[in-house]
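To start, I am sharing the structure in question, which I have written as structure tokens.
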Amino acid sequence: MERENGRKNNELREVKIIPDFLEHPDGSCLISFGKTKVICSANIEEKIPPFLQGSGEGWITAEYGMLPGSTHTRSQREAVRGKQSGRTVEIQRLIGRALRASVDRKLLGERTILIDCDVIQADGGTRTASITGSFVAMAIAIKKLLKESIIEKNPILENVAAVSVGKVNGEILLDLDYSEDSNAEVDLNLIATQNQKIVEIQGTAETHAFPREELNLMLDFAFNGIESLINLQNQVLKNYD
Amino acid sequence: MERENGRKNNELREVKIIPDFLEHPDGSCLISFGKTKVICSANIEEKIPPFLQGSGEGWITAEYGMLPGSTHTRSQREAVRGKQSGRTVEIQRLIGRALRASVDRKLLGERTILIDCDVIQADGGTRTASITGSFVAMAIAIKKLLKESIIEKNPILENVAAVSVGKVNGEILLDLDYSEDSNAEVDLNLIATQNQKIVEIQGTAETHAFPREELNLMLDFAFNGIESLINLQNQVLKNYD
Amino acid sequence: MERENGRKNNELREVKIIPDFLEHPDGSCLISFGKTKVICSANIEEKIPPFLQGSGEGWITAEYGMLPGSTHTRSQREAVRGKQSGRTVEIQRLIGRALRASVDRKLLGERTILIDCDVIQADGGTRTASITGSFVAMAIAIKKLLKESIIEKNPILENVAAVSVGKVNGEILLDLDYSEDSNAEVDLNLIATQNQKIVEIQGTAETHAFPREELNLMLDFAFNGIESLINLQNQVLKNYD
Amino acid sequence: MERENGRKNNELREVKIIPDFLEHPDGSCLISFGKTKVICSANIEEKIPPFLQGSGEGWITAEYGMLPGSTHTRSQREAVRGKQSGRTVEIQRLIGRALRASVDRKLLGERTILIDCDVIQADGGTRTASITGSFVAMAIAIKKLLKESIIEKNPILENVAAVSVGKVNGEILLDLDYSEDSNAEVDLNLIATQNQKIVEIQGTAETHAFPREELNLMLDFAFNGIESLINLQNQVLKNYD
Amino acid sequence: MERENGRKNNELREVKIIPDFLEHPDGSCLISFGKTKVICSANIEEKIPPFLQGSGEGWITAEYGMLPGSTHTRSQREAVRGKQSGRTVEIQRLIGRALRASVDRKLLGERTILIDCDVIQADGGTRTASITGSFVAMAIAIKKLLKESIIEKNPILENVAAVSVGKVNGEILLDLDYSEDSNAEVDLNLIATQNQKIVEIQGTAETHAFPREELNLMLDFAFNGIESLINLQNQVLKNYD
Amino acid sequence: MERENGRKNNELREVKIIPDFLEHPDGSCLISFGKTKVICSANIEEKIPPFLQGSGEGWITAEYGMLPGSTHTRSQREAVRGKQSGRTVEIQRLIGRALRASVDRKLLGERTILIDCDVIQADGGTRTASITGSFVAMAIAIKKLLKESIIEKNPILENVAAVSVGKVNGEILLDLDYSEDSNAEVDLNLIATQNQKIVEIQGTAETHAFPREELNLMLDFAFNGIESLINLQNQVLKNYD
């Protein structure tokens, strides 16, 4: 089995991050994993949800959407259906949890970072691209807070990034594109930090349950991918120091 | 009163159209009127709404959305609110009517063209950019139908484009940006064809009613703008012949 | 082509206004344009929307509905569907804008006028009847405020009324009924003031785009219709001085 | 305690029925119980709900609504709230049950009668006026079916009508208006037939439970009221034979 | 006609009440009428609805639901449909009214008792079981308030219970199960107090209207059933004194 | 740190399964993990979703709900809110995936198994109890299909069960109850089969990211828990052979 563009089993697609893609949000970027393209933006609001009132802690929450024209076959607009799908809700909860794990919310103070991930073009891995790009959008927005002395200490603990890995036709592959993902027997998403610590792991047997040894092989691939992604994030972000 | 970038009262902002911006839809482009940027896409479906069944005629319908991060202050996601705002509904009905007026629906046959306009960045004039760009996306999709001999005769009657004109501080201005639009006393949108015929005219006195002579002045400006926009559409589209 | 009841091309249908049709609202009337009948009512509330808080200005907003039994074929109740249709939303936004343009909102003070237009029987022109009748309901409610010395100066700037005009079988016709409207090539609604100033103009080519000269002919017809409607409004309202 | 207009405890308000109030429905009337006014209309559709398919039986269903301006204080439009209130749902289910009990649904055949009751002005007793008026609208529609020989035998078994009775300040009163209803200790609605048979009885202690003897007194009043209402229905309907 | 288990026409099914069925609510029980099983729970909140603010009075409100697996054929989950059915709304309004009639809301003070009735298994009579069981759950919760000296005087006026009675194949039967209820010609629910006073009576002719004498026979049966149910409530509740 | 009832770190709470808890579903049980109690039921429908039509394969889908009175503080009824929460949607998708992984859907044939999990009392671990109990309900329903010779071969591949494991105050604990879960630093759910294969793994760092070694420790605990749960499932199910 040959991957597109001669990609190796443990190789990421070409990943690009264009920071400051939008003018109005506090931070933003366009991230692409191959043909998958997501606009990530971060806006900071000086208020917090009721359950944190008076706690001194901030909050980070995310929303996710796909343009109807982003998918292979046009997908229905959720604003027209009148509600977000189960898949959308799952993904935006995941993005929020991932980013919250990378921030000291006490240092952020009583403010909320609203993340928006909007998929412009989908070719597999939209949730991992969303998380990896959202970290960049959030970091840009936080650096603005620091520059304007609204907060004094950087609340970011470590970078987080996310990558998928799967088993397709019996082989372990890193960073599945849409055609690989559609045929995967196992699909695993890893969200991890710069120090190789796990923020979230979600592995699902799509067709057959899999043994623990395969979990370990997949994690080896995934941690390598995470390392490359975090290096790229840091290259982009060093211009903001 | 000076306009941004020394623009004259009867001058459009810089307008750019990047065709084939997305891979999956049948036709697509990214259109920008200055800082206003809209992704327009067109998908063709081999079915029609019930009220046209058996009529031999096709249909064209549009949906419109704004990314939460597209506006000066983040706007709420309509999929989260659970419904489209009145403004959204009005705009997408307008886009649909405009495009239907440019097509011989008998020649299109019993198929539907679904238009999606998604505003990536908003700085005034998103509805006129949407209409002008949607015509390009639709024309690309239709040319594909012709190439594949799915239809035999081009159903497009003439190009349509749209532009805004308004009265701001007593002066008539073409193609208002957001800061001008926010201060407009009168706001008029014209949708017209290559032959200077009116498809739709919508003029609203935001603060004071206006005399018929001003309507005429505004129409003079608007017809000139339409001419330039249609020239640009044709430049882009000639590569598809 | 003969119009019903031998009506001339530039003639309105018989228009009647029964003021104080309902007991509970602050102002109300039943307006009929031929067989089209709309109950218009106005209620004044001593509060304003958040975006006007502290501005010293009032607000006017409208809602529109059709009884299921008002249409030729029974129409579905929007409360059962769970939402208002795009058409309903468009019309009620239009009514609100029209009435706001006829009032000095500073003189109204921080209160809201809620307009309700409920179509009892529909035979074309429900939106123009709604606007023309709503002005009367609003004016009655405002006169009550003046009598009770809640406000001191009349905030009404000038009367507004609305009328439709269209092109049917190549002829320009004033005030289309349902059967004419269903066959119209062009459909134009004009909302204007006593002084022949334009509040809103909305013209749509239903089938073919139309030249600017026809716009002018249609406006001539429409301004004449507006004049008659405003005369009738004033006859009804003079009993309230 | 004196009732408005010197009405006696066992006396109905002035009840009027204007048949054929609307042009488009198959049957309609405007019914008023004093200041309470309801437009009732009936439309016949040549289809039935899935659970009756193939049964040979017809169906009768009702919808109920109140104009926002009908109530003492403007009430919110249910189409804006996005759903019907519990009270609305209860009333429309009640109207449907009442009418179904007056018809032999086998004789009606596989068609549906859709009833709409729209309250124009509310002053107590809107549900009893709705039921009493709906019977008239339905009967007119059915007589049309008979005239057009769509059905052969009249499916109406007997007239139904409804009236309220209550205990206010310790006295039993027939046909409560709004001010009486607001102070009622017990509120009972009776739906019954020409032959003094009960279709539905609903009695509620608003403040204190009441003894069985009072139930009997209230029923005496209510059956008398029903008799008068059915006489009035028959006067109106005899013109349709 | 023989009833299941040789039950007599005026005999209740076996009724059981297991108090304190749940750990978290302030009061709860599992009530069964034969195979019909309902979990009733009561929670007390130290707040009241806006319309009672400052009145010194409390409020009692109820919600009702059925597990999808409770019915003979699986019923759709209302949370999935996105709204409660008309039947659900009717029943929960009924439960609330019944319980409010049994309590002196001044003595309860400005707090709300929230009742939840969740049907685990349905075999006819779920609303009467819900009311009878809810009274027990409420009484347990109130006794807790008294023990903790949050209120000083017991606000319960008298017990309430509910039972159904119907006419099936011409015979009057007490406490209908599902198979009887499906064939009932008349269906009547009585909610009454320990002193034989009526809180609510709802009788419906499902197929044919019924004479007043039958109403009286049905009430005789129903009052006897109520007496037995209230005795059982008191046996359960005496352990809480 | 002492666990409730002297439970050891690698010990499950007392787990009980009462099969056939409901009469109407094709399979059902009440499962309890300590104080957590869930009613699981399975219904078989002779139809499949559109995307499987003609595939010869069956489908398994799940719904999940919590009674308002099941939680420590009463939770809002989702049918009243008008939609299911993100958490609910996530859990029911998880249950569906888990069960689908345990069945050969070709052998099931073109029918759907609808699972309902309704939490009666919640004390942590409702999703793992739901999965473990749903497998039992589904297996009972499938055995009925086999007995009635509707299918010939048992489509169940292997048992699946689920258990939680977490890090609380630095210690790894199996099967967290509510008070442990509220303080967990890491929370991991494992769904696995009789043969120690992974169906789904979901691990989340609630406060701090965790190293890969801890993932391994947690999996050791979890696989042991799964083994005990599957033994219990088999004890219950052997009565159905």
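We just call them A, B, C, D, E and F in the order they show up, numbering each chain from 1.
Everything below uses one rule, namely that a residue touches a chain if its C-beta (ideal position, glycine included) is under 8 Å from a C-beta of that chain, and two chains touch if they have at least 3 such contacts.
Computed from a predicted model, the values in this text were never measured in an experiment.
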| item | value |
| --- | --- |
| Chain labels contacting chain B and also chain F | A |
| Any chain in contact with chain B as well as chain D | C |
| Longest centre-to-centre distance from chain D, chain (CA-based) | A |
| Chain centre separation (chain C, chain D; CA means) in Å | 33 |
| Computed distance of Cα centres, chain C from chain A, in Å | 51 |
| Rounded Å distance between chain B and chain E, as computed from the means of their C-alpha atoms | 60 |
| Shared interface positions of chain C, touching two or more other chains | 82-83 |
| Sequence of chains encountered when the ring is traversed from chain B in the direction of chain C | B, C, D, E, F, A |
| Residues of chain A defined as touching chain B within the complex | 22-25, 28, 35, 39, 41, 43, 63, 65, 67-74, 77-84, 88, 114, 116, 118, 120-121 |
| Sites on chain A touched by chain F in the complex | 83, 86, 89-90, 92-93, 97, 101, 158, 192-193, 195-205, 207-212, 215, 219, 223 |
